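You will see two complexes here that share chain A, one where it goes with chain B and one where it goes with chain C.
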Partner chain A sequence: MSMRTGRATRAGQYLALTGYLVFLAFPFLWLISTAFKPARELGSLHPTWIPRHPTLDNFRQAFDEQPLLQAAGNSVLAAVSAGMICVLIATPMAYVMARHRGKLSAAATGWVVISQAFPFVLLIIPLFLILKNLHLINSLAGLIMVYVVWSLPFALWMLVGYVRAVPAELEEAASVDGAGRLRTLVSVTAPLLAPGIVATALFAFITAWNEFFFALVLLKTPEKQTLPVVLTHFIGAEGAADLGPLAAAAFLATLPSLLLFAFIQRRITGGMLAGAVKS
Partner chain B sequence: MRALTRAAAAAATALTLLLAGCSGGGADGTDADGTVHLRFQSLAWQTESVKANKELVAEWNATHPDIQVDYVQGSWDSVHDQLLTSFEGGEAPDIIHDASDDLADFAYGGYLADLRTLLPGRLTEDIPAASWSTTTFDGGVYGVPFLQEPKVLIANTKILRASGVRIPTADRPWSWQEFRQVTKELTGKGRYGVAWPLKEPVSVTLNLGLSAGGQLFHRGEDGKVDLRFGEGDSVVPRTIHDQVTVDHSAARTALGMGGSDTLPGFFGGKYAMVPLGFAYRQQVVEQAPEGFEWSVLPAPAGSDGTAQGVSPQTLSVSEDSPHKKEAVEFIDFLLDPPNTVRLAKGDWMLPTGTKALADPALHTEDQGWATGTALAQQLRPAPAQSVRGYPEWKDKVATPALQEYYSGTIGLDELTDRLVDDGNRVLARYQR
Partner chain C sequence: MTLATPAATERTGGRWSGGRWPRQRRADDGRGGERAARDRATWFLVLPALLPILVLSVGPLLYGIGLAFTDAQSGRTRSTQWIGALNFQDLLHDTLFWDSFRIGLLWAVGVTVPQFVLALGLALLLNENLRMRWLARALAIIPWAMPEVVVGIMWRLVYNPDAGILNETIRDLGLGDGRDWLTGFGTALPAVIVVGVWAGMPQSTVALLAGLQNTPHELHEAAALDGAGAWRRFRTVTWPALKPVALSITALNFIWNFNSFALVYVLTSGGPGGRTRLPMLFAYEEAFRYGQFGYAAAMGCVMVAVISVILAVYLAGRLRGGDDK
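Up next, the complex of A and B:
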């Protein structure tokens, strides 16, 4: 009886999981389908999952009309730089906040939490004016700085959790065995923290990769614009859209983050398991 | 420890180089040799329109080596926010493409140049006064209206012909009453006579309401505006409401749709007619199945004929631009009649300029151009586009009230109360 109940529960779980995956995958699969459909199929009352006459015209048109490769390059530069810089700054800060709990650390934590409550529309004009004074308008450097500042609080919050999950006893044991502070950090803490660092970098990367509004207002010339900004160029007044090329461009824009996730996800899991064994 | 220091130094150097490499140069608009650089932010988005704009910029640059224009692509979807921050930061483009209903706040805010003394007589005279009034605020002219589109009925020709109903023309359009009757006749098994895409119901209702004498916004001698809902204001909303909830000749499901969303149903024969902007013909041409026959009919007429409100596309000059004269010279070139025709055809819209509008290319029966141009004389400024507080009234009061009325949730009295009483409270805050 209990075995039967267990099977039923498991079947239910798989069913729920399948439903969830279908729900998540639907928009992406429909995007792919749309990207390969000719204009006449887009206007069909009975749309099909598989395009009846698949075409690459939408991709050709998207590349002809907008500088997608250049925009993708800008997005990669902004997102990778923001991810790396964010992690470089957040890691030592998170370590201090996690290991040395005091009034300053508590205040810093409080500030991080409060800073998440600021809506970006409140920040955009002061940020714009500051960057203008620094001659960093229409500059990817300015945009990267904004992305780092924007991602830093949450990245810090994430990393503090990861540092706290690394048992302090391991560092104490290393110290008892004669390892210095730096050696302990490099040989003991860093490997256990690696999955957290990667996850945080990934978070900062995705945040920057998808970000639209800062890029829209800070970048002026077409050569500097990022992918989310260029994608809006396929949208017209009153919500009319050049649907085929828009879907083709959006499909291409989702690929880098998907590939990155697919590549890194296994390593994060692996790192977590390694950490679990060591602790 | 030394390794760590070296790594930190290398990272800092890389970051410095990265930031230096990414930095944009500071352009003051004039080169050392005196060449003036203007930034023209265009909102063209359709393939032909982008092509026409870019070609015209290239032609200007080739013939004006001392005034070079940089084409900057903007987006309708985000233009207001993007311009607002650009104005605040003093980084706005010199020449700004937008729509007249978006200009009021920028004009009153002092962000746009008053063009009265800069515009050439040719342009001033060629564009009708009604169009100029869409960009005139507090006596100043803050944009050149250059393209506009009426709302038309795009119809399935075969269904229309088979039904035997009278086919309307620009000279003899349907009345609103006749239109209601026709949609009943066109309704059949699995088919509605009309699909009203009313995701954004306010501008459609107000703009078409002008045909029946609806005005809703009334400006007093003191310059203050108040809302009054008269008989003329009720004609269009009542027709749509009755088609949906009484006759069932209009598809209820279409009420939440945007214009593009109705096209598959239209192509599939589910709707006999769809009221859409004139520019939607481009999507019909691209997406209609082989052999699909469609035609463009004028929107129904009321006591004021086929009058309807429009918010033309505009070209403005930023107040902060150090080269306003040169910017207006470029606008003058761009709106030279033959060039305006190229822009109009690229955008599938009508020019405001009379010379461009007279071009034979815009009077062909093909793709409904002739029907559109015949309606051009009756186009008026959209009601309320210069009324401060209109955006809030639209979003907070009129949109939900009209959506509820069209779906049958509330009646005409409740609609009137909400539009007028709640609306006047909103407007009062802006007119103290």
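Up next, the complex of A and C:
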């Protein structure tokens, strides 16, 4: 901003910003600190910010206590499949919604908004019964189906924005050259959409990677469960927990989505703004 | 849900109104064939997403509403009976449910309002030319990208009565011994609300920041030249431009918060003594611990009804505002 700002105002702004930084950062720093502390320091009545004798024991113990590798494998499988299937089926529909403003687009947009407001109990009970009849309870296939549909609204929302950003004139030019509509879509529009499609797929991946409620209800045995569900097993029935391994496992579970999110954050922001402003 | 025919699109006059779809080559024998081919292509593009939506989202939702009028239970051999509004009558007298409903509303307001105020403050700060801006932006990503389960676990570590940093800070400052935040009857709800604010603030901040960057600079500078102070500039220039975004995220956040589950499930599982039992936790227990599918579905319906009222108020507000489209 080009306006001059008084010195006192600036000082106040920095003070406020520092407050925000502390509020945002301290739980996360505490998680990391706890993850690297040896059991002896965790038991101490006067915990310290920085571990005096940092150790990787908690990570080893975490892998010993719970099937973390298997859970991570399940999470990767569910999230990758959900992300890929989601954009595969959402991109063509988003294309129609963006270019072909009719009743379908209006209905789809309305559904996108309404689906954000579902209390998931109302969805999960029938889904549970349906998947049970299909023998897809305790199966990642069933969970992936749910994740695909669950990330579709926001995926459509993002993708419609990306399609609108591609000038329709380019497609018209291709059609003048005699290309059919599908060929136009595949050879002209899709390459321009590619970055947006990748961002949407990554977003669907993160959504599925982080999801807990559906996984909790649909996956029964530890061999099938995803990372967030297995993490809750570290917290005992009485709420008692082995803090070190709990922190270590939680920290590891965050890394993939954190890294991916940093990578696509700008694009998500753009999609969100488009949704908030234009809807 | 009907597919738009080319005739319908022609009327809407969109950019890609019927006649301007890329034409098929001469192989098409006249306009009728061309139109049919266009319809087929549209179906071909839309069905892969539409079918799953209908089967796994719209269908189950209607099924769920239907279940609310039955005595459906898990693991029972007798067939499910249609019982009319009996579940709803029972719900009316279920004080535990209304307790959880009240807690849900308290939680949703308690999270949404501070979330918005704090997010607006941070967005305004990040919109200024400050030196630590990049760091704040980077940090703001963390809560947003974290699995809710991890957020819950992380704050359990913070709130831990002995090994947690919160009580240690309180002890260091000489303010007493601290307490067991998540299991105290009076402190549990405020404690989880703080976590809710922390977890949802970044998303609102980013949306508001993007909204701020869309407000015209010239207006701001003109107002400043006219001698308007910071508060007047905010009220007359920034806020009107920001209002649509602010309304949207507040309504959505309220709904999301009212429906939230994972965070509180991990933090307190609804305890102590039901003091943090949000409606979703209550319905989840009813359905998957006690197997009362019909009754839990009825709870879901009541939640939808409340949310619909909120959505309607919000939409009416937007329509009346009429400044965005």
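By our rule, the second predicted complex is superposed on the first by the 209 of 279 C-alpha atoms of A that agree within 3 Å, B and C clash if a C-alpha of one lies under 4 Å from a C-alpha of the other, contacts with A are read in each partner's own complex, and residues count from 1 in each chain.
By our rule, a residue touches a chain if its C-beta (ideal position, glycine included) is under 8 Å from a C-beta of that chain, and two chains touch if they have at least 3 such contacts.
These figures come from a predicted structure and were not determined experimentally.
Enquirer: Output check: A:Val76 vs chain B and chain C. Expected answer is one of first, second, both, neither. What do you get?
Expert: After superposition on chain A, A:Val76 lies in contact with neither partner.
Enquirer: On the A-aligned overlay, A:Val198 touches which partner chain: chain B = first, chain C = second, or both, or neither?
Expert: neither
Enquirer: First (chain B), second (chain C), both or neither: which does A:Val217 touch?
Expert: A:Val217 sits against chain B and chain C alike.
Enquirer: Have a look at where A:Leu170 lands relative to chain B and chain C in the superposition and call it first, second, both or neither.
Expert: Neither partner.
Enquirer: Have a look and say if chain B or chain C is in touch with more residues of chain A.
Expert: Here the partner covering more residues of chain A is C.
Enquirer: Check whether A:Gln61 is in contact with chain B, with chain C, with both or with neither, and answer first, second, both or neither.
Expert: The answer is first: A:Gln61 touches chain B but not chain C.
Enquirer: In the superposed arrangement, which partner chain does A:Thr232 touch: chain B (first), chain C (second), both, or neither?
Expert: both
Enquirer: Thinking of the overlay built on chain A, is A:Asp242 touched by chain B (first), by chain C (second), by both, or by neither?
Expert: In the superposed model, A:Asp242 contacts chain B only, not chain C.
Enquirer: After the superposition on A, what does A:Tyr14 contact: first (chain B), second (chain C), both or neither?
Expert: A:Tyr14: touches chain C, not chain B.
Enquirer: Mind working out whether A:Leu45 is in touch with chain B, chain C, both or neither, as first, second, both or neither?
Expert: Both chain B and chain C are touched by A:Leu45.
Enquirer: Residue by residue on chain A, keep only those touching chain B in one complex and chain C in the other, then list them.
Expert: The overlap between the chain B and chain C interfaces on chain A comprises residues 42-47, 88, 124-125, 128-129, 182, 212-213, 216-217, 232, 234-235, 239, 241, 243.
Enquirer: Could you please specify the touching residues of chain A with respect to chain C in the complex?
Expert: 1-3, 5, 9, 13-14, 16-18, 20-21, 23-28, 30-31, 34, 42-47, 49, 88-90, 92-93, 95-96, 99-105, 107, 111, 115-130, 145-146, 148-149, 152, 156, 168, 171-172, 174-175, 178-182, 184-185, 206, 209-213, 216-217, 227-228, 231-232, 234-235, 239, 241, 243, 246-247, 250-251, 253-254, 257-258, 260-262, 265, 269-270, 272-273, 275-277, 279
Enquirer: Report the residues of chain A in contact with chain B in the complex, numbered from low to high.
Expert: On the chain A side, the touching residues are 39-40, 42-47, 61, 65-66, 77, 81, 85, 88, 124-125, 128-129, 132, 135-142, 144, 182, 212-213, 216-217, 220-222, 224-225, 229-230, 232-243.
Enquirer: Over in the complex, which chain C residues touch chain A? Could you list them?
Expert: It comes out as residues 1-5, 8-9, 12, 14-16, 20-25, 38, 41-42, 44-46, 48-50, 52-53, 56-61, 63-65, 67, 72, 118, 121-122, 125, 127-133, 135-136, 138-150, 153-158, 160, 162-165, 168, 171, 183, 198, 201-203, 206-207, 210-211, 214, 217, 220-221, 224, 230, 244-245, 248-249, 252, 255-256, 258-259, 261-262, 265-266, 269, 279-280, 283-284, 287-288, 293, 296-297, 299-301, 303-304, 307-308, 311, 324.
Enquirer: Across the complex, what residues on chain B touch chain A?
Expert: Interface residues on chain B, with respect to chain A: 1, 4, 11, 15, 18-24, 26, 39, 43, 45-47, 50, 70-73, 75-78, 81-82, 85-86, 88-91, 93, 99, 199-200, 258-260, 263-265, 267-268, 270, 277, 279-280, 283, 286-290.
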